[in-house]
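Each structure below is given as structure tokens.
One chain, chain A, appears in both complexes that follow, with chain B as partner in the first and chain C in the second.
Now for the complex of A and B:
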């Protein structure tokens, strides 16, 4: 479960290295969108992730399902970064590893934080048009047409490639790699592993150090009310609830309630 | 530049004005924070035909409103608005910029922050000023059932997004006065590289869960989709709305737009009935404004039970059935 991810009590950041090497749900949708595009229009799929060494697993998974190659960005200096430095790091890796890209697909958010900030910030870093929360997309020549729901508006948008799209979990049904596919994905998948130095990034500009936001403290909130505990049979508790709070309920639902209630009417 | 008064800016997000009062809520919060750092509260808005919003923002506590009005800004545009806000922030150097975490805000704010080279905290549930005069951004921490206090010590402006419903607006006050600063659109403002082809407003539901006087919320403890359906009968009887937790939405027992929590709707009902919900912070962050909470859980130690006024130790689904029966018998025909 994501909500049980281990914490580093010293830095207050999530120890993603101890978290399971599982693909983030929305990223699985982004990958599925890439497969669909490849099937219809061709192209090479390069998957990129930043994380602890074991994050390589999701790249294996993606390659087994049909991605052409993977890039893992891993370096202790990259750890604990906020979205500002994460998008910076990813952008430099894209420029280095696939400078001629046509389309960058991202999951709209991670399920452990849901900031949804990395995609839009990556578009800024790469200086390309970007659209977030896309539910449908199709490509015509060099134009992408997208649909999404944004604050109660159904929007249809277009942009020319190269561009960036973040995909919601509603966009498609991601395939899951069957065990047999994973097992028969023999041969060494094409995965490059890069650290900060390979990207020419100074440690002060990435990870915890480079992040404009700093975590001061992490604590559990203990808002407790003085409350009334009710036990017994459901019927008995219901009677007690109405006896004690009938007025309040009646006021909220704007209906009169019988105060004296007898189950069997005479 | 140093002679300028410090300022807290609130981005004026008016597209869904009647459904979504997050800008007014942020103006209220900004008014709460501003005296602590002797700052003025400013709203910033872009578009066309904005007079009514300018007046509203002033009546809700904006001491100054920066307005850029132009035909070409009529439709919301992430890229154009981001460039505009970046340039204004560079000119006026606000201490802080607050943006509502609407769909638009969640895409727009990160881009502005990136352009300004500063930090941004998503979905804050609390904002305070530290002893050093910094903006303390309180947000549910990544994945954990914990709150994180975050600051942006060395970069300006300090930026945060806040979900609609997190803070309370101050009542409309026609007596309030504010300065309106109208700025011309810059000639070199780039065209948005994303083109809007069609834009259709979605039909609104009659009653929204955010305003409902009674909310019946269900969690995983309801047991099954079939049992979960009983909550709709209960809500119907009480003239309320049904909401739920993330596992319930993921399981397909409930529509996504009825998710209550950090990633969904904030509610403020007179009565909240909570069935089979553990009370994770991502959920309870959005229920603290309920006047009265009745929680049902078979575990008396669940956090939700501790937050409730009445903690019913029972099977959620059975209790729901009994409550429906009890209500039907008592409602005067």
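Now for the complex of A and C:
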């Protein structure tokens, strides 16, 4: 997805204003998790996003799917923020808009920069426990029990509320909004728009100015092609192909070709 | 004049596109090849209100404005025109005439089942000897003791093979012929109602287009939409909204073909260069882009006029005429750009080419659209 988006070569940041107003895939899973929690245990869902004015579309979409209200954080001073100031800004918005929250759900990472840092940093900012990469969760009174895949092991964890969870794209299948609900959501959406001043944030502490991370260079990796001529008997060539490229072929077809191939050998 | 789509229209497009690409994208080629109606996808579309696009919310519909409706059909047809066809026909000429002309009792009786997709709707005007000449309908509905007895055969009925409710055009007063045409709502389980064999068509192959037979079909007089003799009025009105749907469908097909052509022309190398670097191909692409844009503006204008509650018949006919002409031209050029591969079933572009042609024929041929437009123009200008 990143490769389709234009970069600002001066600041090394993504030109998000040119991107279609689309919801980050993992955030759609986080939202679906919120809907499932609401259905089972009740509660209000408040969606918060930070971005250019067009990011409001994502909040409309969330409202259309069933969120109770949305908050858009948008301000030229917020632009170009790294993950550190982004989580700082989001934390202040949460404290202002929903100080009595029980659970913060985030997508585990964004499809553009994929740092996966904002969720955990946000937990730090809010001084609450946080668990990342969650695939399943259920709530029992004031405890959340979660399962996640870590180094190929399933981990089961428990955490007291209030807390923060980041959700993977494997967690659930996000629903499609029905056209009827979409129509209603646009009739009377409950979306508030906040800038830096509304959150009491000084311009130099946020956005590109306040960011300790500076991106020095951005470039896209390129695949190279080359023709390779192999000579010899068929068996020799096949062995050579597997020796040189077996790993990559296995990766591409998602089968352990090497074992398979060697097992069949007489 | 604002040419930027509003937030709602953007969201509708995004939502429908995602659904179409995820659910219909993987099967569009196969259901065309196998002439299969994908019930499993229809099941998924039902709770999302695709069958109640313009039905009021109180009857379970989405109550979309006309522009949202057109965008929905455009986006479905961009991926799978045969399902775009099922949805547009069901909504514009199956359900909408009841929204527009039904009594409160009829709305309560029929709309909830249509809006939920429990019943798929069909519109049955065309007969072996009545196509563009709607007045030549030979199916009869004779009044008999609180009931109408219907006899006749309808042909080329879109959704015919799967319809639960058919709007039948029949002559109620045989003395006045066409002027005496009326519309009767017939449910598929009614004795004497049967579905003929599915048509073997050039395009839209996943839509079960069929004949419908009516042999002494008895329906209560409450099943008549409007009054006896209102048939032509209801039919023409339904066709105005129907034309918006077909224009949107043609636009979606053209858009798909254009996107395929752009992609292919950038990938395909000849003379050691992508063919998109050749001026001839660029000219094709420029013409396609311009015509699609013009078609889209014409369609959205017709929708905007309708949304503003003004008469839009002439504009709908213009949009339908132009969008369908552009669809045929653009799919033809897209196939040409693909060269021999375009003629192969391996690429979707030949499906777009086959699907586009019918948009110039059904819901009023291009010739009939010109008639409607000329009538509008001549009545407005002195």
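Descriptive notes on the structure:
The rule is simple: the second predicted complex is superposed on the first by the 208 of 266 C-alpha atoms of A that agree within 3 Å, B and C clash if a C-alpha of one lies under 4 Å from a C-alpha of the other, contacts with A are read in each partner's own complex, and residues count from 1 in each chain.
The criterion applied here is as follows: a residue touches a chain if its C-beta (ideal position, glycine included) is under 8 Å from a C-beta of that chain, and two chains touch if they have at least 3 such contacts.
The model shown is predicted, which means the values in this text are computed figures rather than measured ones.
Of the two partner chains placed by the overlay, only chain C lies in contact with A:64; chain B stays clear of it.
Judged by the touch definition given at the top, the superposed model places A:145 against chain B, while chain C stays out of reach. Which of chain B and chain C touches more residues of chain A: that partner is B. Within the superposed three-chain model, A:237 lies in touch with chain B and out of touch with chain C [touch as defined at top].
When the two structures are aligned on the shared chain, A:161 is found in touch with neither chain B nor chain C.
In the superposition on chain A, contact of A:176 is made with chain C only, not with chain B.
Partner chain A is touched in their complex by these residues of chain C: 7-8, 10-12, 14-16, 18-19, 47-50, 52-53, 57, 60-64, 68, 72. Only residues 2-5, 7, 12-14, 19, 82-84, 87, 112-118, 120-121, 123-125, 128-133, 145, 149-160, 163, 170, 211-221, 223-225, 227-231, 234-235, 237-239, 241-242, 245-246, 248-249, 251-258, 261, 263 of chain A touch chain B when the two sit together in their complex. Within the complex, the chain B residues that touch chain A are 15-16, 19-20, 78-79, 102-104, 106-111, 113-115, 117-123, 136-137, 141-155, 192-202, 204, 213-214, 237-240, 256, 262-263, 269-271, 280-282, 284, 288, 292-294, 300, 305-315, 318-319, 321-323, 325-327, 329-332. Listing the residues of chain A that touch chain C in their complex gives 20-22, 56-57, 60-61, 64, 176-180, 182-184, 186.
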